[in-house]
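Order of writing sets the chain letters: A, B, C and D. Residues in each chain are counted from 1.
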Amino acid sequence: MGLKTRHDYLKALRELKPNIYKFGELIKDVTTHPATKRTVESHCRSFDASHDPEWADLYTTTSFFTGEVIHRWNSMMQSSDDLINNMKLKRQNYRRTGTCSGAVCVGWNAQNTLWAVTKEIDKEFGTDYQERLKNWILHAQEEGLTVAGALTDAKGDRSLKPSQQADPDVHLRIKEVREDGIIIHGAKLMICGTAASQEIFLLPGGIYKEEDSDFALACVVPRDIDGLTIIEATRPSDRRDLEETSEAEVPNTGITQGLLLFEEVFVPNERVFMCGEAKYTAKFIQYFTANYRACIGACVSGQGDVMVGASVLMARANGLSAKTFTNKLVDMSINNQITYGLGAGACAMGFKHASGSFFADPITAHTNKVMVATLPYETKRLTQEIGGGIVETGCMPSYQDFTNPQYGELLQKYYKAGSASADARYKAARLSEWLTIGGGVPGCMHGGGSPDGARLVVRFSTPFEEYAEYAKTIMGIDEDVQEPQKIK
Amino acid sequence: MGLKTRHDYLKALRELKPNIYKFGELIKDVTTHPATKRTVESHCRSFDASHDPEWADLYTTTSFFTGEVIHRWNSMMQSSDDLINNMKLKRQNYRRTGTCSGAVCVGWNAQNTLWAVTKEIDKEFGTDYQERLKNWILHAQEEGLTVAGALTDAKGDRSLKPSQQADPDVHLRIKEVREDGIIIHGAKLMICGTAASQEIFLLPGGIYKEEDSDFALACVVPRDIDGLTIIEATRPSDRRDLEETSEAEVPNTGITQGLLLFEEVFVPNERVFMCGEAKYTAKFIQYFTANYRACIGACVSGQGDVMVGASVLMARANGLSAKTFTNKLVDMSINNQITYGLGAGACAMGFKHASGSFFADPITAHTNKVMVATLPYETKRLTQEIGGGIVETGCMPSYQDFTNPQYGELLQKYYKAGSASADARYKAARLSEWLTIGGGVPGCMHGGGSPDGARLVVRFSTPFEEYAEYAKTIMGIDEDVQEPQKIK
Amino acid sequence: MGLKTRHDYLKALRELKPNIYKFGELIKDVTTHPATKRTVESHCRSFDASHDPEWADLYTTTSFFTGEVIHRWNSMMQSSDDLINNMKLKRQNYRRTGTCSGAVCVGWNAQNTLWAVTKEIDKEFGTDYQERLKNWILHAQEEGLTVAGALTDAKGDRSLKPSQQADPDVHLRIKEVREDGIIIHGAKLMICGTAASQEIFLLPGGIYKEEDSDFALACVVPRDIDGLTIIEATRPSDRRDLEETSEAEVPNTGITQGLLLFEEVFVPNERVFMCGEAKYTAKFIQYFTANYRACIGACVSGQGDVMVGASVLMARANGLSAKTFTNKLVDMSINNQITYGLGAGACAMGFKHASGSFFADPITAHTNKVMVATLPYETKRLTQEIGGGIVETGCMPSYQDFTNPQYGELLQKYYKAGSASADARYKAARLSEWLTIGGGVPGCMHGGGSPDGARLVVRFSTPFEEYAEYAKTIMGIDEDVQEPQKIK
Amino acid sequence: MGLKTRHDYLKALRELKPNIYKFGELIKDVTTHPATKRTVESHCRSFDASHDPEWADLYTTTSFFTGEVIHRWNSMMQSSDDLINNMKLKRQNYRRTGTCSGAVCVGWNAQNTLWAVTKEIDKEFGTDYQERLKNWILHAQEEGLTVAGALTDAKGDRSLKPSQQADPDVHLRIKEVREDGIIIHGAKLMICGTAASQEIFLLPGGIYKEEDSDFALACVVPRDIDGLTIIEATRPSDRRDLEETSEAEVPNTGITQGLLLFEEVFVPNERVFMCGEAKYTAKFIQYFTANYRACIGACVSGQGDVMVGASVLMARANGLSAKTFTNKLVDMSINNQITYGLGAGACAMGFKHASGSFFADPITAHTNKVMVATLPYETKRLTQEIGGGIVETGCMPSYQDFTNPQYGELLQKYYKAGSASADARYKAARLSEWLTIGGGVPGCMHGGGSPDGARLVVRFSTPFEEYAEYAKTIMGIDEDVQEPQKIK
């Protein structure tokens, strides 16, 4: 039965072998360690929603394969509505957690993208990748897995191809092909949601040619697979998460990124979905990014909703009516709706792949990526403008000081503004701070790839010559107007 | 048979009784008069496309009522795909004409909106408006009509309701209800596409209460109905259209706005679809604007495409490679795709009315209206930046001078830059000028209503209190944080 | 005595030999011809202000050479205060006329720039250019001349240098050097203020090397010099200026651009200030653009002030309180103050040349040019947003129709909104239209050179390596971090 | 002798009585405690620069009173050049430290503002405040003091005046006036540079009326005065500063804010410069903010310079040429120059007060404040865009992990990109992170007051009616066009 509860999920995480480190220390239990418990809690809320009558329709669906009820994040996406439901779930996740839930996001996208790519590979090479993938999907649906996804390689010297690098490990690679599986070696960096995941998709980090076929690799591994060491990345503000007083200073939710170090890791064949077919990395990247960059608009709009809410709260905690800031709040809402609506537009204008998978319209999806890397910054700026000085750069005492026996009472007296308590104002300010300059800031700039990469897709998707012909027709210009010839 | 040709259309226009004036003169034949022939040509291109194998799928469809092939602009829109096809047609129209084709746009939207509203009215009041409308739609489909739509009233004193105005005529009104029809009186201002239309929908210009029921009026009239006088508005640059040399200075296409003066005009019952049911004006405005403001994103993106094309052309005519301006061209393409994709998103997230009509998601549609009133200005700015000084403020001689026997040859010598002829460069520069500061500038700011009106819808569609609750939950704030109490 | 009146000025213009054409016709008297009388009126207002007790301090000053009272636009600028007064005069000119007064602007800048450049040339080459220039300045001050300035050449193929062009005439050139003067031949295009000028400075249009020394040319000529033919450029909307009803549709003021065709024109030595000294064209361009692009911020801010005023007027004419638009009006005022204040900052941080001339800080001046090419577009957008649909795309009848005996009264009835008359509303709407999409739109994009050119100066003025060193010092990075080596 | 060295300054700080707390702990020595040593180091660099031949001209000047050489931050500002030198020093301070040096900034501005205000008060009330102030300035110049300044009160309920508050202490107040001095009580919040200061100016936090005269208070106190307790505010990321590995993760420099709790503090008369003269609080705020908001443009431009430098560094550390990002780097440079140049413009157009003090032009200064609260956000966004994912949200391991014996070497292998070492890349990424989402983010939004406050000044400084008159004159509208009358 594919629907799991928060309890089941926590139990499953605790059963994984500890292999995550932070600040030089092995995290024994990700569900309770202060460095990881918040992101686990974020993901728990998706399990809660799956059983919440108000939200079950969105968070669950029926399996395309078995017809059974499953978590939506384990499902196949085969129509624009499926994609839009992905977006709805993402926006709602952000509204519940204020941040990213990477382990119910990237793996989902990966399985659907690979569904199409494996079909193409199988067709050309007679492989059975799609069948393998189907089996794994059935397992994931059955277990209600949370699955992270890893694309980004270390990359080394950006001017060289993977096979040209001094150190071949700077891209995760197939080191050996055995009869029963493959040995992989290398690293994946800044992978979102790792600590909350049960399994991890390993995916091509770029578009490769034949000479780089050792790096054309897709598979899925348990998070605690032998030979994998995970180092949690640190954000500027995450030491605060570790303190006893952290409850007053940071939310109960969160996201973390992990660095995955693979040392001679064996992956059995049934979990391998691409193994050297370099020419299909282009398809993978194209399909994956189209859906990812369409749907990421929902993420930043959901976080924007929380920024709107935090700003309303903060205005009132400051003793002001939220109406004072109507123009700014409406601008924030417009920013949110742009990335959300543009994402939905990309989904609506997408195309159905022969495999059944559905993919978003590339030019619209990549246009959205540029907006996703732009508008949230303005929304954050407005959050800081509305919140006032105590929000902007954390001009508040630590909670240790705020509750210090010697002068804490005095501080609290001075931090009371409107009818809200000093404590509520303190927390509200910390929330706006967290959302705009703390741990809640999502990776909307480079997450899912850079905006310059997206601009490149827009460039190659825009039919400039066709447009020039329209201009000529409208004005009645018959003459051929050409690019100037290069002077040698 | 509902499919008409350019020839049929021109013939039909010529058969209408002349009632359009400009510069104090009665226009005898709109199809040949220089003040109107360009907008007629713009609409002709929609008839052409209906018979063009490449475009017929988009420009035609089958009638929901009869199953016959009809022009798409006479069809019912009953799904998100129907709405998105409306957008596609609009974008393509702009690409072909560089400007608006109002008479294959507003009437189409009106008939679909009224289809829903009449159903609601009929249900409450037992009227037979929807049946009347159906009969008219069958007629329109049969004749392949071009139909303008008129909402904007003169409005008089903006602080007073229609019934409070010193002059009751400042809103078009029902002056008398007869057994066989109604007498209407007043005016509709700045109505797009009138000169190219065969019929005109008259629609409520605002949301009215009971006391203003005389103004709650929807009907459709032939463009040459008795008692209707039309004055063509003038743009700053349209005197140029009248000159003999106009072919070199302005495109063959165009759009015009008309001012409709109704003096005791009789409309028979079968053409009346709302007559005093004031409370349904709100529904009309809500449904109409949702679809209009979703789809208008396609208009400005289509014109943006032409600006991209004109800029490519202009760069080359200046002797430069279009690649010099890649960043700017990509920014323009992104602007275009934002309003287009956001419109598609509004369509995709719309809702189906009990009548079968489909309407776009309001908050997304109105968000798009704000973008439509913003981004094209930046696209125009970039068009002028790429085009150079001769584009920006028309720093070129008139074509009379350009071809003057005394000094024209000298001028042409100096206007040649790259491999293009001086004539091609002249025309290309005039096109960019026309698109950015001439007759090609569309009414994207206030057409379909003001952006401030759209912001109001965004404001009332954003659930601020719900968002504040999300913020509280995320931060674990249990306390009620309230609006400050007003001090009396 | 250097102070002239409007009357003196008009008389002087009338005494010039007619050599200006428009629409194929020779303009006999620029002071009365409808194509040029408005720009002449604009310039008249500077003479008026010179005698207005409220403004005389700004519009006049004392001659550095003679100590006599002169028009400020004939003066030497030798301090940052002199430059800022140039800006103040420009802002005030725009406020009075709504547009540019090119003949009391470019010549002024030219004489001051050449004052510095001739000193440098004389020092190297032992020429007496500065002395010649001084004599001419004394003459200009004595006569209170209006002096246009012409930089822009036809340019031909942008990828070739002047001497490489198929047609050498596409840059104005020294065709022959005689003992008593030079013969020049070629053209200058889109020269602002020509029709209102008495003399014209001819200036280098680019930075040239030795091989292009024939194009390194600076001199000043009477506007009606033998061999010069001027063609007035046409804007999209200027046919309207010629009509009998033009007073209701366009302001009394204006600006025009002229195309100057030089055919074997003799310029006597005493009016020649650079003749082949190619290396000094770089200095000329550098100094000239620094001052021009600093001060142009005042122009667009002055026009912005009028847009603010027109918007206040328009709001009221529409029957609304200007307070409805406070946020937008404040944004407009901020835009105005940015370009003005940034210009003043460039002046304040400028430098004094050994000749006594004072020049603005280049990086700040060129930054301002980028703003000048950006912010006014947003201010115009806001003007259209506030003004409503009748402002945006000229959705108004022509004045012929507005006053037509048959239906004019009816139109006027419908165009009345608030307490203002229909006529006042009509004119107010025409003004906003003229400012944003009509003849009042200034050439802020390319006037004084392109923003991309300005960005280039910013690029070369920013000490990137020095800034990288700051970053290293702050972070304690000792290592040398280098540009990647090019791979061959 | 007024010039002190880094050594003198550190010694002076160590001699102050410890009264600063953070995280519940008393900081015994601000010069060595990791929570404060970085901001002290920032200020040390100003002393270093005062003795650096390259910079001494900027960092020192001669005393207006004694003619002796003093630190510039102790000087009187009596001309626009003095103000611009204030800006130059601020920009340079940011370039050296990456952040704010509040203790050589606010006190300096305060003494100059009070110089003017005390003259006005003395004139009306016959007091001797200016003489007292002069004596204190002589002392400050003699000792080369670093002086913070404190305006912001706790404020309590924003809808009530100070005297109406339930708790009168929420604004710092004069509790008792004694013959030899006053007793003050209350708090000042989020005061920048406190920990690095030797003395602190206490200044009016708002504009008060007579009934609030107890809050009209200006004086200067030693930082360790009896009855003053200071709590250091915490930023989201400052726990990192306390760690042993902090040198690799954060710069050596920094800024902190303090919360000042005054309990019955006695201030002797010679240090009191305003004591109840409520009507002069308006003048104080007006003069103070004009200079502060003009000059703050230099701060953000200086930090922007470091962001440019960090971005160049980061591009190279990523193995890319900085040229890849030329457009973005130029945009950043333009942003920097806007706030700097606009500030200089405000200074250049300022006015000289009868006291000799010089104040910036209000509308330009407040326009700049709006830019200061906007442009740096875009500059930060670009810094993150150029830097890549590792910069954006700190997707890097902690330095403890980076150097961990078990897996540190592996991490370093994967963090090497171009020719720079992994360590240099790590530090460069941390710097960009620190500048954009860490402790280096300056309080440019609300520091020196909110942008909405600045917009209010712009609003009241813009002569809307005068501008409407210009519009009328240009268009020849004679009629009076009025605001609509309010309907009762």
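Details
Heads up, the rule we're going with is that a contact is a pair of C-beta atoms (placed from the backbone, for glycine too) under 8 Å apart; a residue touches a chain by one contact, two chains touch by 3 or more.
As the structure is a prediction and not an experimental result, all values here were calculated from the model.
Common neighbours of chain A and chain B, listed by label, are C, D.
Ranking all chains by how far their C-alpha centres lie from the centre of chain B, first place goes to D.
Our note on geometry: chain A versus chain D, Cα centroid distance of 37 Å, whole angstroms. Inter-chain spacing, taken between the CA centroids of chain A and chain C, is 52 Å. Rounded to whole angstrom, the centroid-to-centroid distance between chain C and chain D, based on C-alpha atoms, equals 39 Å. Chain B has residues 157, 159, 319-320, 418, 484 in contact with two or more other chains.
Per the touch definition, chain D reaches chain C in the complex via residues 80, 84, 95-98, 247, 251-253, 305-306, 308-310, 312-313, 316-317, 319-323, 326, 329-330, 333-334, 337-338, 340-349, 361, 363-364, 367-368, 370-371, 418-421, 423-424, 427-428, 430-431, 455, 458-459, 462, 464-477, 479, 481-485. Chain A contributes residues 21-24, 152, 154-159, 167, 169-170, 187, 189-190, 229, 231-237, 239-240, 243, 257, 259, 261, 318-320, 373-374, 377-378, 380-381, 384-385, 388-390, 392-398, 400-401, 404, 407, 410-411, 413-418, 433-434, 437-439, 441-443, 445-447, 450-452 to its touches with chain D in the complex.
Residue ranges on chain D touching chain B, taken from their complex, read 157, 159, 327, 484, 487.
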